[in-house]
Structure formats: structure tokens, C-alpha cells
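Structures given as C-alpha cells follow.
Presented sequentially are two complexes of chain A, the first with chain B as partner and the second with chain C.
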Partner chain A sequence: MRVIPASIRLSAVGCVTPFGDAAATHEALLRGARALAPVPVQGLEGGDLVPLALLPGRALDETAPPAWLPAIRRLGDGIPGGDWGSPGRPVFVTGSNFGVGGLYALRKSGDPKYAAWGAPPTCTEQLRGALGWGPDVSIVSLACVSSHLGLLEATRLLQAGLAEEALVLSFDFLSPFVAGGFHALKILNGAMPSPYRERSTGSIGLGDGAAFAVLSRSGGPWKLEAQSVYNEMHHFTANRPDGSGFFRCLGPVASAASGRRVWFKGHGTGTLEAGRMEVAAATAAFPGAPIVGWKGSLGHTLGSCGLVELAIAAQSLSTGRVPGTIGGDEPAMSAAIATEDFTASGFDGVVCASNAFGGAHGAFLLSHA
Partner chain B sequence: MPDPLSSRLKELIVDTLRLEDRAPADIPDDEPLVGGGLSLDSIDALELVVRLEKEFGIKISSSEEARSALGSVAALAAFVRQRADPARLPL
Partner chain C sequence: MLERHIQLLVTDDAAGEAPAATRERLKGGFPAGSTRRMTTLGLLVGSALKPLQPGEDDALVYASGYAESCALEGFLDSFPTPSPTLFQTSIHPSAVQQVMIGLQAPVREFLPLSGGRLLAFHALRAALLCPSARSLLCGGEEKGTWLLEHGLASNRTFAFAAALTVESPADWLGTVRLLPAEGPGELGLDGLFDLLHARKPFWGMVAPGWRLELTWR
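On to the complex of A and B.
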């Protein structure tokens, strides 16, 4: 377990989802809009319809260069400052997919054009060129807590005095390979996700998403007050059935938030077992905190979800309105689940949590600076 | 006489999961497949479900349904018999 208690500032955050930037996404969530829509799981090759949230106009099918590249460029245009990728301003690229769909397309078609984006190092190198970064770029990837680890590594660098600012950028765009994998596990199926709802079968949705955060030692409108990661090392698709990993991760953040009123942005993919374990741990660690989850609208943006949802949480702090949990009308797993939007006034901050395959967990406390 | 479908399912389990220390006939009809003596995990279950869908032309729609179907060989046989085209079942 790694816990960073000291405060680090966030000077800028941003994201792109099918709704647009962080402001547009936040506004859509307040309206209760759903970006998820039924899409054939194998794209042009068809297959079962599953809930996916794709960027407007983007097909699921793999292309080279990737069809999502313009979206990343637009996101990059919104990152303040320059000299990213220099020793004093390192970049951490996080995510879980990178261009893995390209490897599948390469295998199927034999066309070498797909190789350039297919693996994390090659994909990151392409991205470095596209966004004009220098060579000081690191890759951090651990499934759905990738962004949390990237934030943590950036924080450590700043705290060690080895950088003035650090950029964490995360992106995960869907492909038939990725959607097909979750579909084979049967957790991505024909049903729309209903996070934190009691229903007979669980289901998730998947979404395109990318985001960035600029961490600074000097200033910024938000601060990361505590970060915690914990890996159960239990099984690469499962949490310990007693839910202990959720408690272990949230405990240190709860200590940091002691005596303060927070709301809780959960992982909430729509699976039943993990949802129940997360709610049990969150209600124990943060009694009285309203719990929200936004993947019922945006889908699960995988390794990027932590950073995408950080951008939306920061938008909530700035605007004073917190979108409620999206999706489903079945009974909630707990009275703590907020199904309607609410005011952020009266709260001291938000705890954002993500959970991943392998029993990996991440959480941080975000507040106004 | 053993149920032909149950026998075939046991063969599929041993073959798909490459269980070198178990003969198909050694798998009891009522033994839990996941979390039981076979110690199958979620990845084993994934491989098995994919094989079952191909062999019998059935669809398993959710992880909860998969878990229920994989309760035991007997449960799996009942599930397959209910869903599959009878022409694809062993005689």
C-alpha cells in the first residue's frame, strides 16, 4: 500500500468524453443524459449489441492512424504551458488500452500500418510526436487504477523536488478487441448498466474517454490531499470475496478526511458483487457521505476512468453541483446512493475511488485549494 | 448408464482446461465446478463458456447466468439441455 498524505495542487484538469469537454460532460450528467448506446460488439463485423459510449462520429472499428487522434489533439490543446516532457515538467501517460486494438487489427489483416499504435511504447511515442512533448515521458498502466498510479508517481516526483510541474494524461478508446474481451467475460452484455442498484444480473458499459491533470508544487484551484493505492494480489479478475481490499484502500483516505464532510465518487461499473463490496466499504469509511457513480452514463473508461472522473469531480467542486448516480430505477444498494444531483456546498471535498482487475484499488481526497 | 450429455460435458471440461490429473469420469455430477474440488477460476470459466457456446450453439448472457450454469455438471447439463438445439446434443 502506498499513501501520500501531503497536499499537492492541481493547476489544470480536463477531459473528453462523448459529451465533449469536462464542462459539457458535467452538464450532461446533471441532466441525467446517457452517452451509452447499443453497438455491435465486433463493430462492422456485427455481433451482440452491447452498451458502448463512443465519441461522436467514431465507429468502433480500428483505423490507422486511430480515429480518436483528433480528440487527443484537442485535449492536448487545452493543456496549459509548454515544455512538457522536459526534466522539470515530466509527463506520465496512463491508461489500459493504448492502441491494443491495432494489434488485433494487425493480426487479422496483416497490414503493418496497425503496428505503429499497437503497443504502449509505440503508441506513446506516436502521441509524444503528435503533442510535441520532449523525451521525459513515462508510461504507467495497471488496469482501471492506471490514472491513480500516474497521479501518485507524479506526486512523488514533485514531493522529491525533481519537478516543478507534472502532467498526467490518460486515454482509453474502445475497439472490437477490448469490447470483445469484456463481452466474453459476460460482464458486458445486452443490458444497460445500473451502478449500485439491486437487480438480478449485473452489466457494465464501456466508454471512450481521455483526460489530463497538471500537478504543481506552487498553486492551483484544487488540491489532492491524500492518495492511497492497495493491491490485494488475489486473482487477476477478482477481488477477495470479503471485500477487505476496498477497506484497506479507503482507510488511509478516511483518516485524512476525518472530521470533514465529503461526498464519495465511486467506481460503480454496474457489476453486482464489486458494487456491493464498494458500497459496504464506502459507507463504513465515510458515514453519511452521499455516493455517486457516473459510469451508467459514460460507461467505464477503463484505465482512464480515474482521471476522467477527477475532471468531472473538479468541475462539480467549481460549479457547486454534483451529478447523481446515473442509470436504472431498481432499488439502490444503500440509502447512501445519491440518485439525484445535489449541491456541493457544505462539503469539504470529494473522495474519488477506482477499482481494478486483480484486486487493485485507488482513492484520493480532492478539495478546493 | 451415464447421461451422454453429462459425459460429453466432463470431456469438454477436462479437454478445454487441460486437467491432466483428472479423468472425465472422475468428475462427480454434483461437485461445484467453480470454487470446488476442480478449483476452476474465472478465467477457466471464461474458456469453458466460450467452448460451450461453440459446441452447443447456446448463448450465456451474463456472468450471473454463467455462474449458475457452472454450478455443477448436473446443473450445466440441465442448462444446456434447456437451451441447445436437440440435434446438437449427444445421443
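On to the complex of A and C.
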């Protein structure tokens, strides 16, 4: 059983979504607001309308330099400390899109100005320059659990005494590339997502999002425990139907949470089979824990969802209010699904979980330090 | 200091070999009918990884800077009717998933990395930090076509897989150590591959503040 035994501190977290920073996003979720809106799946080329949550004023089609860069710069301005990317303060960049919007624009237009941000190494190198980081910047990418792995790698480095602090930064911004891909898989359709609700057809939404977390050995207001991952390697786009892979991921977290009262921030994209699997595994591992999912409002921020939703969970712990599951009004898959916001008092922490293509799962326990 | 012993090593340099020839050479190692949708990188990484017999308790670290360049090119070319299959296979780290899903071989820890001039260091550091008794470090690249013209794909095709153990088995091949040190340095994935492929010893800086010692028996 490989789970990081000791806790690590989070000294700062932050995110940016179409609603704004973590505080604005948390407040919008408490209001039940939806950032998702119908957008042509191939942007300027048109196509079916699908639910996407884009940063205000940003079009789906990529620009050069990317239109999302100012948002990343603002996020970077909120990262405390300096000397990031030095041996003592390494950076872990996670995500699943990087510059694929630039690749799409490059192929459509043939204009080489889109190439600079087009691949993970080149995109991250551009970002490194834009944020003034040193060279020690790792890139971790495993679809929608990418952020979890970045946190895990950063934790290991700190616990080995090989760094003072570590920065994990994740970003995913939509483009016709990724919207077209999910649409081709038929899980991004015209319907708004309704996570953890019983309905005839499942659907997801996609969203822009970026986030960071500063991990520290010494101090910080939040504690990260029991980071756990598991990879089923069962199917490219589906989990094991019996949920055993996800349950194996949750096992170490459940052990760490034993005797403590937790709420559960699930993955909750809006697909039916995965939603049922998640709910069954979560209710078995954490009996009585209310389950929430926020992708019905923010859309799925893909490789960054784990970190974006961590920032919102931390905001929930700080403010004492937990936004409920945003989505439609169909019957919930379980009585454990919290459809209204609730108070965080009386809870000892939150289990944050994500799932990904390839049957990859990640989870951890977040609490006040 | 971080240290592991090299228990097993498989390398494949497809330099100068046409992709079709590489596919033909490797397809016999996979179940009939399963290779049609596999990428060249998937075949290469899979062929290197399979002899190591990945187990659920192994930590699996995968490094590729540009990954599935040809699937990526194909997916982009498929617009305005994007291919769902090429979308799936273009997503990092599809090469490893192609073979592991084919084997129905779950693994608790799977750490896929991308990167540039420090990718070899980051991959080695990740593998050496894994708490498992055995880490499998694999990686590779496949040569792109039109993406390569824009500097967005590898100009080489290769793959490797190494089993790294905490304990030294009787038949260990070599040792890899990472040590904090003063000074600049860098080592890309192709540089690491060349060292492994030639079983060449190395003592030198591979990242700012980090030194690699690679020795062979």
C-alpha cells in the first residue's frame, strides 16, 4: 500500500475560473451560479452548441500569444515567495491541454506564430519565462488526475528533504481541439451537465481553469494527508464497472480519515456510469459523508480540476460554507448527494477525489492544520 | 543522495527505420489485431516495457517530451470531423496505456512526465523518489512530420524501459545515483537514452544543483 504517511502543509492556494479568483468562485458556487454557456464546439468554424465555461471575453479559438496568459499572470502574482524553479523551490506544472489550442490554430492557419506555445515543453518554457521562474520546472500530465500527481511529486521531494518549498501550478484552457475531441467521443453534447443526478443521458461541460498550491514542510493553514493514486488500466475511457479501482484509491484515504467526520468533493463530471460508480465507492468508503461536485457550474477543468477544486475546498474550509452540487433538478443518485450548501463546522476535513481516462484515480484528505 | 540499482534494461533505437518497418518489426509481440490502433511509440514503449513484467506494486514512471506526435497530427488533420480514436490515442500518456490496458495490468502509481532539457533529470528523480521496492522508468519519442517542421515533435524515434530496484539483485546491471551538487547542467531524454542504449557510464551535472552518477558492472 503506497500512500504518503505524513502530512504536508499548504501555505497558499489560489485559482482562477470564469467567475474570478477562489473567493469569487466559491461565492458564485454558493449562489448556485453556472459559468457554463452554449458555445459552438469548433469555435469560429461553428458546429453544435455545447456547454463550455470560458474566461470572460476569451474566445474558444486560440490567439498568439494565448488570450489566457493575462489570467495566468494574475494568478502568478498571487503566489507568495520567490526563487521558484530553483533547486530548493522546484515547480511542478500540471495539466492536460498545455498549448493544444495553438496546435489547432497552427494547423488551421499555417501561421507559425502559434507554434511557440504548441507543445508541453515549449508551452511550459514560455510560461516559465512569463512568470520569471528558474529552470527546475517539471511537467506532469495524466489527463484529469494530473494535479494529484503534481501534489504527490512535490510532497515526496519535500519529505525527502530535497526542497524547502514546492509550487504546483496547473492550467487548462479550452480550444476546438479538446472540445472537438470530447464531442467526437459523444460525452460532450448539447445538454448541460447534471452531476450525480439520474437522467436519461449523461453529459459533461468543459471549463477554463488554473490553480496553484504552495507546499511547505514548515507551516501553512491547511494540511494535505493520505495522498493516494490508483490506475486500473482497464479501458481508455471507462472505469471498471464495479468501482473496485476507485475504491482501491480511496482505501488509504479512508484509513487516514477513520474516526473523523469528512465531506466528499467528488469528480462529478455528469456522466452517468462514472457518477454511479463514484457515489457507490464514496458512500462505501466514507459512510455518512455528504458528496458535492462543482463541475455542473464550472465545467470540467480537465487536468487542472484537482487543483482548482482544492482551492475552492480550501476556501470552503476557511469560510465555513461548502457549496452544494450544482446541476439540474433530476433525482439525486443517492441521499448522500448534497444539493444545497451546508456548514463546514462539525467536519474535520474534506476528501477531494478525481478520476481520469485510463481508469486513473487520485484522492487526498484536506483539513485545517 | 537518491540511489537505485538497474535490474533490467531494454532499449530500442529506431534511428533510420521507417515507421512502417518499425511497426512490422514489433507487431509480433502483441496480440493479433491489437496493433492496428497502437501508435508507433506505443509499440516501442510497450515492447520495451513488457519484458519487465510490470506489476501492480511497481511504480511506473514514463517520460516523453512530445509523446504521440503522429496521432496528434492525425487528430488535427481529421477536423472538421475529429476522430474519437485519434483523440484518445493522442492524449499523453497514451503509449503506456495502450500496452497496459492491453495487458489489463493495473498499477497503483503511474507518473507520466513531459519536458525538455531537464526531462531526464525529472524522470530519474521521480523514479528514485518512489517508495516502491521496484520502479519502472520508461520513455521514448516518435519522429513527427509536419509538427517537427515547427519544432513541436521529436526528430528521433526510440524507447527504453529500465527496472530500478532498492535492493541489489544478483544480476544487477548498474547503479543510478542523483546527488545534490553545485553548478549548472541539463540532460534531455534523448541524452539519457543514448547513455542507456550504449551502457555508457556518466558522471556529471544533469540539472542545476543535481549530479547524476550512472555506473555499469
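The criterion applied here is as follows: the second predicted complex is superposed on the first by the 367 of 369 C-alpha atoms of A that agree within 3 Å, B and C clash if a C-alpha of one lies under 4 Å from a C-alpha of the other, contacts with A are read in each partner's own complex, and residues count from 1 in each chain.
The criterion applied here is as follows: a residue touches a chain if its C-beta (ideal position, glycine included) is under 8 Å from a C-beta of that chain, and two chains touch if they have at least 3 such contacts.
Remember, predicted model here, so these are calculated numbers, not experimental data.
Applying the stated contact rule after C-alpha superposition, one finds that A:V214 touches neither chain B nor chain C.
Of the two partner chains, chain C is the only one that A:V140 touches; chain B does not reach it. After overlaying the two complexes on the shared chain, residue contacts for A:L185 are found with chain B and with chain C alike. With both complexes placed on chain A, chain A has more residues touched by C than by the other of chain B and chain C. By the touch criterion stated above, A:L167 is placed in contact with neither chain B nor chain C. When both complexes are overlaid on chain A, the residue A:E153 reaches chain C alone and has no touch with chain B.
In the superposition on chain A, A:G47 makes contact with chain C only, not with chain B.
Of the two partner chains placed by superposition, chain B and chain C are both touched by A:H235.
Contacts of A:S203 after superposition on the shared chain: chain B is touched, whereas chain C is not. Touched by chain B in one complex and by chain C in the other are residues 184-186, 235-237 of chain A.
Residue ranges on chain A touching chain B, taken from their complex, read 184-187, 189-191, 200-203, 235-238, 271-272.
Per the touch definition, chain B reaches chain A in the complex via residues 41-43, 46, 49-50, 60-66.
Across the complex, chain A meets chain C through its residues 2, 42, 45, 47, 86-88, 96, 98, 103-104, 106-108, 112, 115, 118-122, 124-125, 134-143, 149, 152-153, 156-157, 160, 162, 176-177, 180-186, 229-237, 245, 248, 357-360.
Residues 2, 57, 59-60, 65-66, 72, 75-77, 79-84, 87-88, 91-94, 97, 100-101, 103-119, 122, 125-126, 129-132, 147, 150-153, 180, 186, 207-210 of chain C are the ones that touch chain A when the two sit in their complex.
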